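What follows is one structure encoded as structure tokens, with my remarks underneath.
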């Protein structure tokens, strides 16, 4: 793994949209989806908005695969727990000591819908947006350069950290360190594994700081960008539209509730 | 204790096939250097010897132990592995404790541990630094601490992964001395190295790998003379060998004594 | 007027007892290619950091003496001004990758983005410099997917693209195979001939002999020897102090004691050794068996 991102490159319209547009859309969709009532609402948004977007982005199968893999165990647990351990309600049938309730099933369907929707929204965004592109566009929009740098480099550096941890693990195992076994065994293994990792990482940080300094990171000049992220008037309008609609929806919902 | 590798194939979980049918035997007490381009499979091969990697097919036997039947920690009784970066293993409050870590894990008696540690520190010129924190030492001496930590385990087989990269002449001489002592004690020493001069001067047998296979395997003198085949593994012959060839020597020379003798 | 001018420089890192550099006097002319050799701990990296401005501005510590490099002066200029004229690449390529970019092309452009180079100029400079160092085919690869040798080339290119007047290199070929090493030395030689000043720390003595104008031998923070490669690299002083020398020099020295090396000057390179030994009247062209 080169970086903590599930981005897949495709020649699609969705990919070419400005990252901020996609970010705003994903965020607004999520807020709307959670704000709206009804058991089937989230499924509807999933089917009517997210799936078509995924088709446009040519990532439908990958999206389905990821959502399925991640959500399935959770959905199953939700159903089992909520159905069987629902308190007072309408019994459906009997399996030994367990009496599944209708309300449990209905609640599970709603919860599962919410879960699947949030996952799909977030994963679709990650599949079609390269993290560094998002950072560049945020920087263009005014996000401080240092912050953007930290976020993007974290995505690439965490896998490196994991690799380093594995090398240290190999080295200590090769010196006879047992890592499998009871709590005591594992506790004894902690220091030989963690200390070199921490110290080694600190040493690396210093070198890394020197390296980016040598490439003008602290330069007082105005930064330029190699890559220009395309943006358009239409997209700007669309973003405003998304945000306003979301606000309107929430306002309506709040009024309706009171 | 012999090492037997039979029809070893290995493919990483990512799908990359790193070893394609390696078969070789390394006898007790042999000194072997493995050379070849980056990506040839040298480290992958050598990590099978102490169980860090398990064969996709084929087997590796250390003595009568099949590596698939024993944990890495257990195989560490027979195979010591000196990693390239000492900072990826040092954690103790002083050198003495650090070097004692390995033998203690292997369950030696406290007298044995003390003796092994003393011996290893002597070999690596660290006897006066027992109480020092490893991270207070320079990278040169940290390398020696890492070396001592593995020697103190007193294994029959010792593997060195790129021991000379980044080391200065003085440290390379120390490392060569350690290898010499191990040789005199009848240990099997296996090294992966880019430093062909170091390889030629300290190892009897040379294995050249390329693309997951063994291309050449034999006595160093024989192999170092075959410049064309060596070139395919991105290995240049050692300085003195090249000089000997240019001067028209009959025999392939690989160190100063041989060179001067031919002269 | 020397482009690198160090006078009586003594430097001590913070929280240390002894100075890392003592009384260093070093002048390098524009376009010179100077190699620095020495055992580990001699102060080679510290010297590199001093010429590149990181000592004392990044590391703090105590410094005395004058440091003037490419128009910057240690007590007056700040680090971010210094790096515009002096490029630094060091040994570990992995830590020199910014981590902010997903392709090699963008990675190399990173420095130019920071100093505000216009986009079109950026693109052509990156492409040209990549061609120079022979990594044009790596443009779309992820920097983290490369081998150590390839990463070292990317690190070098990332600094060259900033067009420094002085290039400071700390063991830039340590991870490369002989072919890569030869190419990099060739590139640096070409740049030096075009006017770039190069200061390079190296262990590979044979390459220095063929490519460097001058060699500086550092020992325990002081300059032990300074001069032309074939003078410095064959000096007995080096062997006494534990420096690594080429095996040609070493074996020729022993041969001289046996009367088998007739020349005055010891060889450093293969060609010099061949030339010297062929003059020896003793052996027949086929050599003698032992």
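Residue numbering begins at 1 within each chain, and the chains themselves are lettered A, B and C in the order written.
Throughout what follows, contacts are C-beta pairs under 8 Å (C-beta built on N, C-alpha and C of every residue); 3 or more make two chains touch, one makes a residue touch a chain.
In this text the structure is predicted, and so the values were computed from the model without any measurement.
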Steps needed, at minimum, to go from subunit A to subunit C via contacts | 1
Could you let me know which interface, B-C or A-B, is made of more C-beta pairs in contact?
-> B-C
Averaging each chain's C-alpha atoms to get its centre, pick out the one most distant from subunit C.
-> A
So, what's the distance in Å between the C-alpha centres of subunit B and subunit A?
-> 44
Roughly how many whole angstrom separate the Cα centroids of subunit B and subunit C?
-> 29
For subunit B, what residues touch not just one other chain but two or more?
-> none
Within their complex, state which residues of subunit B touch subunit C.
-> 37-39, 138-140, 165-172, 194, 197, 234, 236, 238-240, 242-244, 246-251, 256, 258-263
Footprint of subunit A on subunit B - complex, ascending = 47, 50, 52, 71-73, 76-77, 79-81, 83, 85, 87-91, 101-102, 105-106, 135, 149-150, 153
Where on subunit C does subunit A make contact in their complex?
-> 52, 54, 58, 79-80, 83-84, 87-90, 92, 94-102, 105-106, 109-119, 122-123, 126, 142, 144-145, 155, 158-159, 162
Touching residues on subunit A, where the partner in the complex is subunit B = 164, 167-168, 170-180, 191-192, 195-196, 199-200, 203
For the subunit C and subunit B complex, residues of the former touching the latter = 38-41, 91, 147-149, 171, 174-175, 177-179, 203, 206, 242-248, 250-251, 254-255, 258, 260, 270, 273-274, 277-278, 280, 282-283, 285-290
